[in-house]
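Can you read through this structure? Questions will come right after.
Chain lettering (A, B, C and D) follows the sequence in which the chains are written, and residue indices restart at 1 in each chain.
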């Protein structure tokens, strides 16, 4: 490979560049070119320096960005792939801990994993790159179209619900008819991850709410209606969801004040999935009564990060199912198409953004 | 039953009385008299009003205290018990939620359970009382002696480790040899529950630390030595346990500042059991970086309250095993014997107290 | 309700009748009329006496048949249903064991449950009947059409895969990439349950085989092709699936000889779900080497019967997903429509039958 | 190492030799000498050729026997061990499957593990040998004495109960009080493994039966009495345990006829652990009614072989607890001491044998 166009940063906080870079020595039996790459809060956080954990690959003074992508196989030495196949590359690459050794680097026990475009590995926002077949999942459902680029953010949601299932084995979580009928899920946030969480929450059968502290744009309201999800403006109506307690709380904001405000509205045996991160969120105060609330109700708060190959596969199944069920409403998740070099996208979030993607 | 001597309070915060009371209409096919009753922070909290959740039984303007006890059967209409049998009565009595219906009122889904001596049921600190055989567990190991009074506090520990086991099924928690060798547990607090947690933590094979913000008395230091547990004075040596991160954090303090200080020293996949409650603990501030720490490491914080009949049975097995293994050192858990009417015990904690008991 | 037309038998082995019957005293706040009822091996077994466990409701000398149905609400006193709603009634009704009390009569601990149309409760093959709202699940997806009648047989498949998931927690079942890629499932039988198992097996990602000892009709071959499932004629090619061992074996035949023949072709950590029953199957011999094979490979054989309300809900989700994915191929599961009174259907299985249904 | 005395065989079925052998190239940072080695049915089976799976290490025409041992450290280059430490070496050594990689070669997914003294690795019945520290567990409880030699057979029992716990998560296995009170365990066989299973079964709280088809010697009857275990002579009283069904069936015989006879006496949700192997057991017939019985009651049959390091550690804890609880009765598990060269022991089982050991 020669020089290729790439988004890169001097991570973290090094701003954003788009130029040709030279990357040497990357292995892989498949040559890939991105069709679409999505951008998310992590990309913007690396660019603006609010995510302290990002770092450059060894020997490089920069980090190629990009962990959400839908790619096309350009050339393959692997029997598993052929030129023209659509694939999604895995973000996290294993170390040697017990979890990594069984294909679960998302649960890495010692932190010695790496993430493409984030921690020590170049990402996918570049003209082309090589990778190994075992790091790629094929998009078999052609009807998915551009929505395949949501595989990466969706895989986080699938893993988080796995965590929910494991944690909920500590008691009888379901009702006395064995179902989740009558159970309520609240998702904090109204970004792309929040909408993806709301979709899986509906599949599970939760009465589902998504929440923000301000009103949302019409496109998001339409999406809520299509997905049978309720929007709550916490500023306008602090008590809207107070009628019955929350059985499943999912946070995509990383904001401790909001999290603990709603922890205090959880039900007995409630489970909170902490997914969002925001190192610049304002501090919040919690008291003995907050701890008491969690203890007396057997509440669980579970951090959940990233996901494994199995969750990518299930994410593709989810997306196929949602595409068939919701059709154009799901396509509405992609709110803007951009071109390589459109660097402003990394600095400013477009109005009404759910997912902005760059077409390569 | 006529009038009997009892400790009671006008819960919560009604101070403490010892006098004869008349309780009518309690059912039960076994008549019991307490041999020993233990007192704990919950009793003192009810008396001084720091536990807002306590309430009187319907139709009563007072609450008989006492949930930790070792009793003797005075009279039995049940084929399962004979006069002279030693038994421990269960504290929590079920409602009609799915967890209560399978004998797990400790995991009550709707809060409609009751607790003897705490929430809506009279407790065991009285001359005699009736109960049903299915609410009693027999102390079969005569060699346990007075230590049988620790069954109730120990059952909480057994349940908490069940929670730990269920929650830890979300990943490979053990090391690559399948064991807990090299894993570290930190228990916040140095009271009776903390020591009981430390004993089970050692049985599991954790390198075990208990922690307080001040030095501990010699009897507690001796106990640490006997149980192969390390004491950490967090005030004197804030960094003593910093060498390697904490895999299992157990809090018996209810203090949010201490909890989150040590959450930040947890390992990847760390599990924190929140057990202690203290509504009067000082507020603490947590920030986005705290949430980020929990998310990025897949950390779980799990409230755990009370326990079920199965945990009383396992607690008795634990105590028998510990008695055989530690002998007199375990007896040292009971640091003081008191007599009925000794009301000062509810207002002031004796120096060096691990467990104070009242002999009836 | 007055007299209504019904299929009934003097169970077990009492042949089949279709005539008006009078059923008194049945409760229920919803009046239902079947649109379609499916028939299966259990119905035929009751009629011909090969299922010894069927029995009449108390006070009746006959049993109304029918446990697979798609019904319409005629009249509702429940706020949950309105006239015209399509619903599927649950087959199994709980006793008072711990599993029944949490809505899992499928896992009844003591056998004191009942099954409509099978054990002590009248079934759904009659002009109309009453039932309670908590025994009904609504078919919300109108596009399902007649396929809704497959909810009942599909719910068995959903429960069996739940058993598979629980049992497989005894080891790392997935491959070292965390997925089921490369894992093989063999389903014994080619009836409706076998095809439904094959569909969920494909959803999980197993390379999937269904097997019979004779060739299958063209409609079934086409269905295999549509579902990406491989058919194996065990008589013609005893070794076809021998290339790599079986990771998941599902039996719908109840035939011990066939089961143990394929148990011996299972992989390490293989899981066999035993679902089919056939009391008239020929006896088979097993030896010490068969037991040895199971022991040395940590193989699990798990009986799985019936399912709970949650599995009916998930079955409806499965059917909706399959309908969207496979379209007309799924409709092909219904191979024949019959009319009430067509009693020959209970005595003789039509050629090429997957699912025969009666339109009411 | 020079030549050392060893028991060996030309496995399988090569009879038994005791002579000096030369083993070259074995690695290990600890030099060990056995104090005691136990013999079991596997050793005898290798010697008499009834276990077809045994094979010699590569490059050898013989196999040194012995997998049950209690050893002393002669020399250590490991910081974890010192001269004089008592240790038990692990039997099974991992391959590279996902289970092996996380320290669970007992659950090996592909069969590429090895077992000392059985499959491809020399065993411990020799004057001295080297091993690596991570393959050794220390016997920390000096009071265990010779009973430490039971660690290896006990670790199988601990793993089997882990399987029981995982499998039983498929339903509510416990009673409506959350306990195992009133549950019955039947263990087929009266050898050393059967007695060890009975001890753990009692610890769990099962009413426990062990069974054989003939009467047992007085020493075994005394042991049953000491352990609170009931003996059943199936020949004399085929119906002794028929009063209530079996909730947990454990087989140590490998005999299919006996296994399925008692499977038919199992309760709803019963779990059978298949542990014993006997390739020469007589064949048995099973019918459709046997399969039906398993299906309709959600019965699980789970093969369980070997165990991992964690089970060795827990086995040592079990043995320490049992030693403290049962004292001399536990010592009675060793029914005979033999000397190296006493080859008849491998050909004939001494009368009343529970565990025969060779003192080195």
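Worth a mention:
One rule holds in what follows: a residue touches a chain if its C-beta (ideal position, glycine included) is under 8 Å from a C-beta of that chain, and two chains touch if they have at least 3 such contacts.
These numbers were taken from a predicted model, which means no experiment stands behind them.
More C-beta pairs touch across one of B-D and A-B than the other; that pair is A-B.
Look at the CA centroids: the one farthest from the centroid of chain B belongs to C. Measuring from the averaged C-alpha position of chain B to that of chain D gives a distance of 38 Å. Averaging C-alpha coordinates per chain places the centre of chain B 47 Å away from that of chain C.
Remark: chain A and chain B have CA centroids separated by 40 Å (rounded to whole angstrom). Listed for chain D are residues 98, 101-104, 169, 172, 174-176, each touching two or more other chains.
Listed in rising order, the residues of chain B touching chain A in the complex are 53, 97-99, 101-102, 104, 106-111, 162-163, 166-167, 169-172, 174-176, 251, 254-256, 259-260, 267-269, 274-292, 294-305. Residue ranges on chain C touching chain A, taken from their complex, read 101-104, 134, 172, 174-181, 203, 205, 308-310, 313, 317, 320-321, 324-325.
Chain A makes touch with chain D in their complex at residues 98, 101-103, 169.
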